[in-house]
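Note that the chains take the letters A, B, C and D in the order they are written out, and that residue 1 is the start of every chain.
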């Protein structure tokens, strides 16, 4: 079977892609997607190592993570909606009335 | 002998249950007639629920539920949750803050829509925090943390017409999402190393050692990051100033007091139970010395918070930064833990908890005063506060108490809690941490007294008019002020309880 | 047995009482409280006389009457009375002069319709009381305290006319200059306590006695700064001397005294004759037993005295105002007393102190009478020919002048002659310093004679030189009375101590003062001092011869001066001859620029320094304080800049921070090992 | 219990005054403030203690009950007085009452708050001087600052905001440094003590229980703690060069507040120096004798010279306070009965005299509305009584014999001169004593320019004699000054009794 290190590398790669996207994209939705990527990187680990350790803890937890991610997106979309209403745009760098 | 023995074990989670039911009840009330906004009823229900939960928690504390006196911590659902002194102590903080906030909101929201949602969100968030205090497995930790966070995002962005509120909500949410992702990844890494999520088991498997020390270290760091977000500590603090400034003031109070405390509650448990220092510092040739990590975070956080607060023109934002500074103080509780600390560890952790307790009163009170000023429509800058004392001496006196107490001046509660913190830090050999803290509180005095100066000494630039005398806000503020003052002579039980329950973790 | 001496405290308390009365009730009383003062001083005078005779009868009194500060495991600080010949004599002088001044004031102040009389008489009362307290003090601390009170009273009285510009300034100067001297005095007091653990003048633990024993190695005392006994005692003596120089207006602290003429003339009389200025010399006499132990101190005293005598006399010759002349004569005369003390002539100096008290009081009161007559114009060049208008004043004044100039047989001659005689013989005994001092003293005699009679002639002789002088304002009994009394005294007091006569004609027992001062406490009498004097005596042609020569020379000088004055000024239309002096004239007019340099030190050195320090304090010291706060605020301003408001940057910074922690902990913290 | 009663009564008086209508507040505050005066005089009359409260002497009116178990050491409510604190308690009550009366004229707005704060401050001051547990003491110590902050900030002059914040932050930071120093000392004592009671700590230190802490050996720890505490208290005293907050505070503060500030608050600093530095760490103090003596002399001369440069009467008195407090430091370091006793006596004497001077300046200010020397002259012509008392007070300040100031200064000079802490003490004493010349200089100059000479006033107020209730406090203070000057033993005996044990302390480490 595939040694666990590879899973780690894969998840790390995915996580980094997520961070990269989140740092480079200014669109709120893309920001959200990047976060999803990072969460999934976590999920990869959980599933893989749940297999490695031979228990289902990781896999069950993954389900929770997915659910929470969904809930997060729900809230997020709501906020992005009002953001659009108030700033006429979903560019996250627009909202800078408060700083310093 | 205590009456609790007669109850089933799950009853130990009563506070959380009560809160959850209250939240549902609020939604129910709101659905029964969604149009008329019966503010009083909603606020009353929410407050009652919070007070009930708090009362139960207090009762449990007095009866020693989940403490040595009654046979130790009560762990439930396959060790996913645990009810012990610490969780109850923190529950007390969350519920009292929640109660103050809901009472204050009665006036603050008087002419806002969606009050039902507001109160239920507050209560659900409180429920999440309570669970955070109880959670004994990284899974429940993550879930309860999200349960606390998601309502908070919504609450911050509650004023849908107010750009500030929206911007605050956005930033809070985005940073929150990022942090939770980091947090989840950290959990996954720890799982990868230990193959378990239940805190004691994690510790156990770590005790057997591992070759993936690097992964473990990364995981621990990322988990710490997740908590840093919740407690608004560097480098995950960026959301805090804007969120606190933009959010409705009661929400700011709620987040900066309760939510912060929740973050510490879960952090304390995870790091002391899952990653016992003596274990992780000797794991497979590596040394994941997280107390060092927190020492660094503590110093950076308190310094950054205080320095940034010193030059603000906006009282609310100043308080936001000061609350970052206080996160730094509280971090000493983790930073000053040593492998051979023994009782000293319990003392410093307990002192940190006691500080959070007092902070719950003085900081909430301060933000609620701001809520009142906003209610009066006077604005948020120092200039807008000029001469308030001449119009509202009582409220101004209360605010003065909060400010000086936050600065750690006698004769107020903040003095003893801060002293206890630094004293116990010295006691476990971290005198330099205490020194840094002392220097910072010296600086903090400057900007706190600016508020007092504005209220009492400055002349109002424009003739200031104070319309209503909001009852709910006054009640909440005076309650907080009285609490802050009484916590000086009455500090004994607080610190005693805190340090006893903290000692139980080691 | 309750002897008369047990009433001694009353001598001090009576005038103090009059002070309280005048202060409290003066404005409701006739004459603004003068009568209270007169009654009190009269009472004190009577008691003093009684005391005097009791003392001459051999009684003495030395008792602590009040413990000011009781030390636990430390010495007590006490007040007490010491009545011995010296103090009893001084009591008589002070009370008498004070009484006469009070009476004279009726004429000078009341009749002239002055306002604020209660304040005036309260001041006089306190002044007298303080001086009497100083005279009877039985220890150095008490002496110092009353010494200071005397200074206060002089401030109040010199500045009596506080609505004008001059008097307050003069009062300030008087207090400040004497305070400067008292600074050293106070160190001296402290040093005496620290050295001997006692500051008593007499009794078992009298510090002069202790010092004597210490020098003989019979008793050990603490010395400081690693000095030996002799050196340390010299230092202490000089420190105390500072106060003396200040109060007795000796060079270089004499500058306050001429200004003090701003005060009312009776006050000047009191200050110069019996109280303030006398206090200094009296102090030296009081603790003479200590000074005789240190030759250096004695020599310095003698030099200061001799120099001051000459120095002041020269300045006296060019003055225009009558009171100015008298002021410089006072300085000069106290110089003689210092000279006498320094030269080992304890009795002589005391003698001169007494005679001077009388004739100087007389001269001032006379001047006061003249000033009344001249409607408060003091310029002698506006006077002249007053002798026919006011005979009583004239003859009294003349008597005083003869005494001052030292013309036989007036009082001044005997005392001054004895001072010079003592200086001479001890100088001949092998002390060139004393010879130098003697020379200066002798020269001063000439100038004294000159300026005295210049003053007399300009004031009373020749033709009136102004309208007021032609038609002077009359004076009443309350002016003439005191003048008469003092006139007689000035003429006769010399007879109590005719040492030259005794020595020349071998008439024993007419040196009454010597016998008187030999009485009482063994450690305080003239014999004792004479034994301790570090000088030996030398003679020219035997003792009698020396006496004769000394007397003749000094008398000759005095007459010479008087004669010159007669030639120059006893003419119908006298003119100023000062131009003959050439450049010296300006120097003399400006009093050798003594005031100038002292004022310069105050305003040209100290004040600039203080201003610079003020700048320093505001700028640097306070600047640092404010700097700290502004620096931290600036830091805060910078720190908060990382909060850019752009959420993407937050994410970036967050990631960076996490990475930084990762690296830091990995490299330094030893994680991920 | 009488001390608790005293403090409680004063607190109640403050609360009552807060709620009174403005126009009655002044009179009522005066009436109420008589209670503590009577109380303190009763205490003084009943006083029966002996020895030093910290060094096992018996303590008068002592209470000692456990309050908090905070970490390693308990906190007790422990209060009591000894010969050092008793006079200061009396001084506090009397001076507050007089200050309240002197405030009737100048304070014209928000009276109830003003007088309430005055009484509140009095209560805290009483706490400072009676507390014998470190925390109780520290809480009162800090609590004094709050009313002062408002009194300066609200009722002060044009630059009051700057002055108030400066005073507040400066002194608070000082307290913090002191606090750290003392706490580190306590931790150095380790388990040899069980509470923060000052007697316990002082005696443990004497017993040589001080261990090492924070990597410092006992000796080093003692030195560090000593320096930290000295800094903290020196700011309060104030010792040059830490004095710059004082002139600003004095100039801006309303006169009655200046009276309290100079009269009592400065004494907190010297009192604490005596109680902590010089009683608890005598050896360290002796080791630091040279720098301390230098600071003392510097304060005396520097302060006096600065006073010489001032044009504002209040600034003059303010700087001269710096000068006078320098004498106290000199006396403390002397470690002789007369030195330390005199220093303590000077606290009372200077309290009375500086209060008198500030009040006198205030009375003149009330009528002229200026304090600038250059703005007036010949005031004595129109205000003879005030001027007379002013002159008397000024001479008291110059150390005129038979007034309290001279007694204190002479005691200090005597004690310092014969001190054995240093070979060169006589020289330092002599240097410091030159202050008596400079003080005479600037006070005489100031009086000559303002009070005397032809009457001149650049201002459109008509200058008349001040009302009775303005002059009465001055007269009372003058009387007290003279009484204390004529018989200093009223306090000096009990002071010596409490001070002497300190002198016998030997080296603990």
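The working rule: a contact is a pair of C-beta atoms (placed from the backbone, for glycine too) under 8 Å apart; a residue touches a chain by one contact, two chains touch by 3 or more.
The chain lineup, named per UniProt: A = NADH dehydrogenase-like complex subunit K; B = NADH dehydrogenase-like complex subunit N; C = NADH dehydrogenase, subunit L (Ubiquinone); D = NADH dehydrogenase-like complex subunit M.
Just so we're clear, the structure is a prediction, and the values are computed from it rather than from any experiment.
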Task: Greatest separation from chain B - chain, by CA centre - done: C
Task: Per-chain Cα centre nearest the global Cα centre, belonging to chain - done: D
TODO: Name whichever of B-C and A-C has more C-beta pairs touching across its two chains.
DONE: B-C
TODO: Averaging only over C-alpha atoms, locate the centres of chain A and chain C and give their separation in whole Å.
DONE: 98
Task: Rounded Å distance, chain A centre to chain D centre (Cα mean) - done: 65
Task: Chain centre separation in whole Å, for chain C relative to chain B (CA means) - done: 79
Task: Between chain D and chain B, distance of the C-alpha-averaged centres to the nearest whole Å - done: 43
TODO: Send over the residues of chain C in touch with two or more other chains.
DONE: 629, 640, 643, 645, 647, 651
Task: Touching two or more other chains - residues of chain A - done: 22, 92, 95-99
TODO: Specify, in ascending order, the residues of chain D that touch 2 or more different other chains.
DONE: 169
Task: Which chain pairs touch, all of them - done: A-B, A-C, B-C, B-D, C-D
Task: Parts of chain B lying in touch with chain C, wherever the complex brings them together - done: 170-171, 174-175, 178-179, 182, 213-214, 217-218, 221-222, 225, 234-236, 238-239, 241-242, 285-289, 292-293, 296, 304, 306-312, 321, 443, 446
Task: Contact footprint of chain A on chain B as seen in their complex - done: 138-139, 142-143, 146, 150, 153-154, 157, 160-161, 163-164, 166-171, 173-174, 177-178, 180-182, 184-185, 187-189, 191-192, 195-197, 215, 241-242, 245-246, 317
- [ ] Write out the stretch or stretches of chain D touching chain C in their complex.
- [x] 166, 169-170, 240-241, 244-245, 302, 305-306, 308-310, 336-338, 378, 380-381, 395, 398, 400-402, 406-407, 410-411, 413-414, 417-418, 423-424, 426-427, 429-430, 433-434, 436-437, 440-441, 444-445, 447-448, 451-455, 486-489, 492-493, 496-497, 500
Task: Residues of chain C touching chain D in the complex - done: 67-74, 141, 144-146, 148-149, 152, 159, 162-165, 167-169, 172, 175-176, 179-180, 183, 186-187, 190-191, 193-194, 222, 224-226, 602, 606-607, 609-611, 613-614, 617, 621-622, 625, 629
- [ ] Spell out the residues on chain D that touch chain B in their complex, using ranges where they run on.
- [x] 67-72, 138-139, 142-143, 146, 149-150, 153-154, 160-161, 164-165, 168-169, 172-173, 176, 179-180, 183-184, 187, 213-214
